[in-house]
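First chain A sits with chain B, and in the next complex the same chain sits with chain C.
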Partner chain A sequence: MTATGTTVYVAGIGCVGGFGAGIDAFRAALKQGCCSPTPLLQQHPDGQPFVPAYLAQTDKLSDFVPKRALRRLDHYARLALLGGYLALADAGLSAQDCEDLGVIIASGYGATGTTFGFLDSILNDGDSCASPTSFSTSVHNVAAAYLSMQMQALGPNLTVSCFEQSMTAALHNALCWLQSGRVRRVLVGGVDEHNPVVNYCYGRFFGTQTAAVLSPFSEQHSALPGEGAAFLLLTTERPGLSPVRLTDVASGSGVPTMAAPTDVVLAGADGHGATAPFYRRLSGETPALRSCTPCYGSLPTGQAFDLAAATLMLRDRCCYGLCAAPQTNEAGSCPAPQRISVVKYSGDGSYGHVRLQLEEGSRHA
Partner chain B sequence: MTIKEKLKQILVEDLNLEDITPEEINDEDPLFGEGLGLDSLDAVELVVLVQKHFGVEIKDMEQGRPALQSVNTLAAFIEQNQA
Partner chain C sequence: MAELVCITGIGCLCAAGNGLDEVVNTIFAGQRRAASPRAFTTSHPQPYPVFAVEEGWDVEPEDADLLKTSRLGLAAMRQALDQAGWSVSDLRGLRVGVCMGTTVGCAMNNEAFYAGYRSGATPDMQPIRRFLASNPAEVIHRRLGVSGPCQTIVNACSSGTDAIGLGSQWLQAGLCDVVLAGGADELCRTTYNGFASLQISASELCRPFSVDRCGLNLGEGAAVLVLEKRSLRSDKSVQGLVRGYGSGTDGWHLTAPHPEGRGLRQALTEAFRTSGIQPSQLSFINAHGTGTRENDRAESLVLRECLPNIPFHTTKGYTGHTLGAAGAIEAALTLAFLLRQQMPASAGFGTPDPELAMTPTRVVTPFEGNLALSQSLAFGGNNAALILQRGERCL
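The block that comes next holds the complex of A and B.
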């Protein structure tokens, strides 16, 4: 466990996904408890149909970066850039405030769409016709590098990939940088895109029959792929209104030890059969178990969206998402939370557990 | 489609020039610097694109520098070197 010796705050959140872009769009989806996946009618080149997915648009990125500067960026990097800029804006910062900023991106898939497209182009047209731009955007750290370059961030820069545990691993690193005084702020976020490679894997592993809705606590497989980016701007400086603290980051296996009281556990239960038993065990231990996965879909870095949702719940003093116990889903059935645990399981039973806490005596934003 | 029209389409679509259309590119516009604003990475990309779409290889800087001045010069180079 990384218990934060230095007090670390979540100064800003930024997210883009199937629900839209920005906090207001995310909050609207959270209040509704879900959003609709986009049906994809075209066929994959190999004849396999595309499964419905929670797809994200990055049009809003032109509010922050000139279009010409974006032309070499693929969808994956654009998702990262938009999520990062939205988190900065939420914290009241601009790219001029980023000199002492570290950047960490967590990704389960990485730039697989561009990487496979680049490899396909070599197979189809020969290596002499391989695109140098595609090569440069297929490397693993491209999104984090673009973020730092666009924001003129001179702090350390890292991309972490541990599939479902990527976000927890990224937070371990972020806390190390902040506690050692290496930087004053860290922009840390989860980014994953849906692309033909992921679509192929869904068809291969789970068949082409898909659930109509993602049911986080169902025993049936109901995972619907999602994509997007969710970022936290972490800092050691106390924000003025509704300061949310990052108090614990832990990795382990089995049922996480909730060392301090927690009002709500936000589960990354995203409809995958392999992880469902672990969340069911958690449900037995934790009455106030909720999930927001029907708002953003299934993706390895879904925990980043849960952390953004938890921050919103603490700021707004109310519960969002679906409760594991259906009778407690009515409005007003969940008291205003002060502490929220966010838990993400991998298929082997290992977990990442992150706890956020609203600082006592704080004023409502 | 003429070579020039095809080149303009490649410039916009393959180099992702989202702020300009093929019709807005003049045959004499400089490709780099003040004109279309392309840079050195675009030059490398263009060499690959010309080989891929027209089967014409730009072998070195000696060939590339005069060929990559404008749509006109590049189209002329392609015409001269197509089999």
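The block that comes next holds the complex of A and C.
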């Protein structure tokens, strides 16, 4: 467990996903407990012709970046930029405040669209006609690079990729940077984009009969792919209202040790059969186990959305998401949380565990 | 950096050899083991030479189902642990972190699978399973069965340098007792075609910092350093120390360095500040030195203005550009040169470029002193620098 010696606050959150873009859209989906996936044409004869996926739109990015500057940006970079700008806006910051801002991006798969686009250029036209634009925008650190270029965020800049544990890994570094005084503020975000090839892999690995809805605590495989970006703006400076603190980051295997009492455990249970047993074990340990995955789908960096959801729950003094125990999904059955643990498992049983806490004595926003 | 970060083991393999001693001997012998790619075919009219790891290094059958990138990382890890004297069972009682840099190791770019998918066939899923099982840091973490942070850094060509720097920060923050940090990358068709498409691959052996430099040669390999606090085993011999780490951001262009080297200056400033070391204390600099027009121009400008009169060289003429492994391999080599108190000639350097006004070492050069700097520049505007100290005089 990495207890933060320095007090670290979540000053802003920004997210874009199948639910829409921004806090209000995310909150609406969280209150509903889910959002509807989009039927997506499967571009391959194997399996069913349409498969559902939680797809994100990035139109709102033009609120922050001139349309001319967006012309050459691919979907992955747009997701990252929109999530990042929304987090800055939520924190009351503008691009002019970014000169010393650190940036850490977590991504499970990186820019898959441009990666396969680059392979298309080779397969279509031969090795000598490979697309330089696709290659240069397919590198894993492209999202962090665009954030630094657009925002002129010139602090330390890092991209990590560890599949489901990517977001926990990113937070480990963010805490190190803040505690050592390397940065005052750091923008930490999870970004993954959907791609037809990913859908195809889902079908091959998990069967072509997809579930109609994502059921986080079902014993049946029900994962539906999602995409998007969710960002936290972390700082050592205390925000004015409802300050949410990031108190612990830990990784390990088995059942996480809850070093201090927690009111809610937000599980990254995203319908994958391989991780379901681990979340079921967690359910046995923790009565207040909830999940928000039906709001954003299954993606390696889903933990970033859970952290945004937990921040909203603490700010709003309200429980969102589906509870593992169905009877406690009734209105008013969950007291206002003060401390939330966010847990994400990988298929091998390793976990990332992050704790957020509403600062005592804080006033409602 | 307040807490001493000791390096107790170094593993390294690349085209120049399997094991740090062999690599260093090859370099000081002036050998450049480049050839046309053997692991894959290409249809370029003229092949671009690459620096491939020679066969015979890959002896563990249990690793067979992993990507070559991860197997290279495991091989370097075993060398490093052997030198450090750590058994796996001893490590399992400690908080051991793993931090590895890569590019290819995290890229879902298997061309055969994708070609099959695209054609409407039902491709074998083994390449995807292999990709999902081969995250370079996770492979080492899983193989050792250790607990502690586990991260794969994908900062393009500065990944290996950043991985060592971040691993040092974990030790100093008290997150770990030991960190295995480094980088690994393999040659692959995708990156080969990618660099060719950007027109920065050389069709002959690279000539970093020369007036007639014409691009880079790709390479492959891995290096892993065992980092630990001095207090952990005070009786253990120490190969070196990580004295400082810094990183900086260009915020400029995806594939071209900032013309004034903005991010590199920032990385150097932080590395010197965190180490408390003055530039004049350095014995030499291991430059990134890819041999591309733009990299060498920006890098030499920064060297000229920020670190004047300090001898420098580049080792990419011996190893090729190993991308996510480069920073780690070059850190390992920097330590080896410090221990040997000699720096090699910069392979491929010929006629000085008047625009650069900087000349790397042309011959094997002895030096006195214990400190050196290794720096990396990367796509995306990432820059990173490590200040390393020779080990034997520090305790």
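By definition in this document, the second predicted complex is superposed on the first by the 355 of 365 C-alpha atoms of A that agree within 3 Å, B and C clash if a C-alpha of one lies under 4 Å from a C-alpha of the other, contacts with A are read in each partner's own complex, and residues count from 1 in each chain.
By our rule, contacts are C-beta pairs under 8 Å (C-beta built on N, C-alpha and C of every residue); 3 or more make two chains touch, one makes a residue touch a chain.
These numbers were taken from a predicted model, which means no experiment stands behind them.
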Is A:Q338 in contact with chain B, with chain C, with both, or with neither (first, second, both, neither)? neither
Once chain A of both complexes is superposed, is A:Q48 in touch with chain B (first), chain C (second), both, or neither? neither
Just to be sure I read the superposition right, which of the two partners does A:T247 touch: chain B = first, chain C = second, or both, or neither? neither
Please determine whether it is chain B or chain C that touches the greater number of chain A residues. C
Looking at the overlay, does A:R71 come into contact with chain B only (first), chain C only (second), both, or neither? first
Quick check for you: in the superposed arrangement, does A:S131 touch first (chain B), second (chain C), both or neither? both
Which partner chains sit in contact with A:C201 here, chain B, chain C, both or neither? Use first/second/both/neither. second
Pick out the shared contact residues on chain A: the ones touching chain B in one complex and chain C in the other. 128, 130-132, 136
Chain C contact footprint on chain A (complex, rising order): 2, 44-46, 103, 107, 109-110, 112, 115-116, 118-123, 126-128, 130-132, 135-142, 144-145, 148-149, 152-163, 165, 169, 172-173, 175-177, 179-180, 182, 197, 200-201, 204-205, 251-253, 348, 350
Sites on chain B touched by chain A in the complex: 15-19, 37, 41, 44-45, 48, 51-52
Residue numbers on chain A that touch chain B, as the complex places them: 67-68, 70-72, 125, 128-133, 136
Can you name the residues of chain C that touch chain A in the complex? 42-45, 103, 106-109, 111, 114-115, 117-118, 120, 122, 125, 128, 132, 135, 137-138, 142, 147-156, 162, 166, 169-170, 172-173, 175, 189-190, 193-199, 247-255, 262-263, 266, 270, 378-382
